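In the part that follows, the structures are each spelled out as structure tokens.
The following pair of complexes shares a single chain, chain A, combined with chain B in the former and chain C in the latter.
This part shows the complex of A and B:
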């Protein structure tokens, strides 16, 4: 009896964070569906896909402390992989003459296509990760930018495979709020399992104090590579889902603007915790929607007010700078959802706060 | 042989632009450990300073019509002003923050400047005809050299020599180098942090202004993202050259310029569209072979 009970409590304790996050997203979908706002379904779906993207970035950046500006490249890779799998074979035969036969002649259902996206994203991330995990934190961040440029340049110009200069059309747009919620839930569970695994804990240790972790036998380079691969796979899958949401792909979608928005979401929510990643997406989506409405114009007390075009982006940038100045750890400050099941003695499930020094390289020791 | 020499000149000219930009980024990094993503937007701002603010489709030139003795200082002052304002509003409140936080803040700043320019000037590209005489060509024997390339290379060399003299011979320059080497120790020894940081932003802003003018003279058009590609290449240049080394930033800039031009010239025609991809992939290979860059900076390895 007491064994069963303590096992149940242990499970609840372990499952609390992902369960709470999924429940919160579920609530958002239910409320939005009930309100039935025009265009709401589209906005909610896009938001949930961004949850997957930001969680994917978080798995690497949050756990290792190295900011990555290149993950939208993996999203691009994943999206085009899904496009190759899911486009109409007739169109592929006409436009994408460079595709191998198994892609050119067949059409795969969405789950298979998204699995392909995750696989290709993961492989690309592992290969590129082998190069960048050799660099110091800050140089690695810049190298991820190089990766983004490479992906963009290749996909924009490789006409026989990506229809680069035109766009890839005819992907079945089957993803709505509920499908994307499912993928967001999967991403939350995967990211959480990674974070509480031995790999995740050792990587977090290296983030907080690289020298101490290395001298305790943590192989930092290998752990960073593993995290990079996992996060590339998650972001790749998000790209595949996004392709099935948009139905049409151009490389411009996957460049600096999306990079900025997703990084802003992660940093404003709090880069140090999974909850921070999810909260950041919810909060910034709300901010963007409000600013978008203001750009379209509102009437307050008889006076019509409309912000100029571009004010949305300026507002988002200012907000991000303010958060960095006044609350550098983000909204969640590195904490997960407060749990009603406090860990008894074991600190295993608590994600630690990031200290001021996030990655050892250029930070002077505090004396 | 002649085409090769022609390519070398092109490489030097493009490399000059990258080197100027990389130097501006490297100076700030040396003193503040800040990777300033907004540097490209400083360049854009400098270019837009030439015209009257308006969202009309046709640009009305104001500063751009002045004689060069007046034009160059005005644009420099404008860019220096925005660089100092950025420091005051964004980076000063973040003194002591970690490098990733600073980098994220400059990313936000870049996004704000870029979109603010769009709000004020409208989203369409504008054309500006700056110094048409630079579009002419000079013939040296069998070589045909655009005047602009000569001016770019000459201006860059002059600025490099000038900066070397300032950094090596003047008191404030030596203080800057000391701060770049070990900021905390330099402060213990009486280097005034605000002076050094302010000066770094002033020089960085002036370099961005010069890059902006050379860029406008070359392309003849203004867009809100015009500074971005150069800054991207310059970031990569600072990493290739060795982060934290000023000479490294310059060397990195010329190396990247050479890589881009040589790929452009000697890749098979159907692969030329992938020039940037090849250049950046090559850079990643260099980094795999030499993770700390070509010129390794002193004082950047953490000691415990």
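This part shows the complex of A and C:
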């Protein structure tokens, strides 16, 4: 095998998972555009932004094994950061008197505003992470929830900066399916690179066995903090994109409903893999849309069927319970998209005997 | 951090056990010759517990224990169940802070350091229960240590494969660690501790539950470690035949106290050891 060819195979092997996920999302956008449904564009855009959010949560929760209920707080921080950057200066001068001059007097384009969202989300996550990475297990998860409550209270009452309980308006609503697809693709690539890096490896080791990881020289607190910062930046960016999709911000948008739906997406899809995060968003979105359509009523063979109001929430709950009963590890069960390329180091690693199956759980050798 | 000891360690890895000067027929080289041959980059330092005691809410697990592991030797640590062997290893690897006494690495007082600082200072261990990263592959298990000690992913994978190769489990590199048979699990655990060779390796009952032949095979590897990697090995082991054959020196614990220390022959003759551990009959 020539060097060029083996390098190409190595690249394809490494790029397979993110490429397959981006291709799947692209297919969804193309199909939805072709169908040309009226509300389709909005639903698809919202779904793709949720892909970014759930991937952001996954970067920390999936790799470290610590569930976070606080990430929508970073999304809130990112969304308002984008709002500060992108709102009409006249309105800002009137309503947001507490803003510093560089925000109050200027209006920044969407990419700049979203960069600011990612930066602020990342900084907030790093600072808060210094506190929560001292905790572990359920205590850390509860602390993340406390963070969500704090962010919500501060942003709902900080009138001169966030417009408090009245809405922040006038953000250019420039984000549609294609822009959000671009951000979803960036999130997928960033999350995948993090996962296959040494940081990702050590974090997953600490997730499996923290004691043994420490004995392997792994500085668990530092790694959790890095992951928390990266994950806060991704979710912050998602907030910035969401602000440019909604055009109007209220703090209620970034609270319990969004927290629970995104966590449900991650867990149903499978918290153990990037593919699980993406599949979870697609699956739950599909279920919600189908139930919503049924609530509105459909005509099958001349008979009109409409589910009672509330069927959407009940149906979603029942379905989630069923998935967790039959697949507690989520739909993907910790696996990535099956790869057509043999795993790393094929020649030498594959030379040995075929490992016999125990529980059928080992990675099947590809020849 | 990245470059620390890289060259030396690579040289160390590839040095062959058979390059000892001719005439050294003994498969267990004296401590000094191994240290000088293979690890001239590191000063000869001992890992020592100095008068350590551990009390759990007033209950003494170990009391005023002294123990010194030297590079290039296999030191046996034996004693009946509950004698405090694992607690002592926990102290020597940063998993348990002694209530009294100090842990010394050469002249350096490392009492109270975290486990990852112990490993970075060159003190590695395995666990009685294996504690492999079950949802990761065998290769990733071993790579984790190499990456944790500052290697790049590429270098980590190469060194991890070398370690797995040496322990005869390279064929299982892509299997999930959680589904390995017991004997392979132990070998992977040793590979994980040995990759980026430490100066000291503390093995907590690596052969527990193995048949005699499996046990002999594993101890064959353990006996080669000092010569091959230039490190000192502390071996907790219940099988007396194995301990007597493998170890150049033995420390005996009973009831949390050190009751004997010496060569296998000398320790076997100690009346205290005979009554406490070997039994009267």
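Everything that follows uses one rule, which is that the second predicted complex is superposed on the first by the 337 of 367 C-alpha atoms of A that agree within 3 Å, B and C clash if a C-alpha of one lies under 4 Å from a C-alpha of the other, contacts with A are read in each partner's own complex, and residues count from 1 in each chain.
As a working rule, contacts are C-beta pairs under 8 Å (C-beta built on N, C-alpha and C of every residue); 3 or more make two chains touch, one makes a residue touch a chain.
All of these numbers come straight from a predicted model, not from anything done at the bench.
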| item | value |
| --- | --- |
| Touched partner set for A:272, first chain B, second chain C, both or neither | second |
| Touched partner set for A:286, first chain B, second chain C, both or neither | neither |
| Superposed model, chain A: greater residue contact from chain B or chain C | B |
| Partner chain in contact with A:325 - chain B first, chain C second, else both or neither | first |
| Contacts of A:149 with chain B and chain C, given as first, second, both or neither | first |
| Touching partner for A:198 - first (chain B), second (chain C), both, neither | second |
| Which of chain B and chain C A:211 touches, first, second, both or neither | both |
| Touched partner set for A:317, first chain B, second chain C, both or neither | first |
| Set intersection of chain A contacts, chain C complex versus chain B complex | 211, 358-359, 361-363, 365 |
| Touching residues (chain side chain A, partner chain C) in the complex | 196-198, 201-202, 204-205, 207-209, 211-220, 272, 334, 343-345, 348-349, 351-353, 355, 358-359, 361-363, 365 |
| Residues on chain B engaged by chain A in the complex (per definition of touch) | 33, 35, 90, 93-94, 96-101, 103-105, 107-109, 111-112, 114-116, 118-119, 123, 184, 228, 232, 235-236, 238-239, 243, 273-277, 280-281, 283-285, 287-288, 291-293, 300, 302, 304 |
| Parts of chain C lying in touch with chain A, wherever the complex brings them together | 93-95, 114-116, 118-120, 124-125, 127, 131-137, 139-141, 143-145, 147-149, 152-153, 156-157, 161, 170-176, 178-179, 181, 192-193 |
| Residue ranges of chain A touching chain B (in the complex, touch as defined) | 65-67, 69, 128, 130-132, 134-139, 141-143, 145-147, 149-150, 153-154, 157-158, 211, 256, 260, 263-264, 267, 308-311, 313-314, 316-318, 320-321, 324-325, 328, 356-365 |
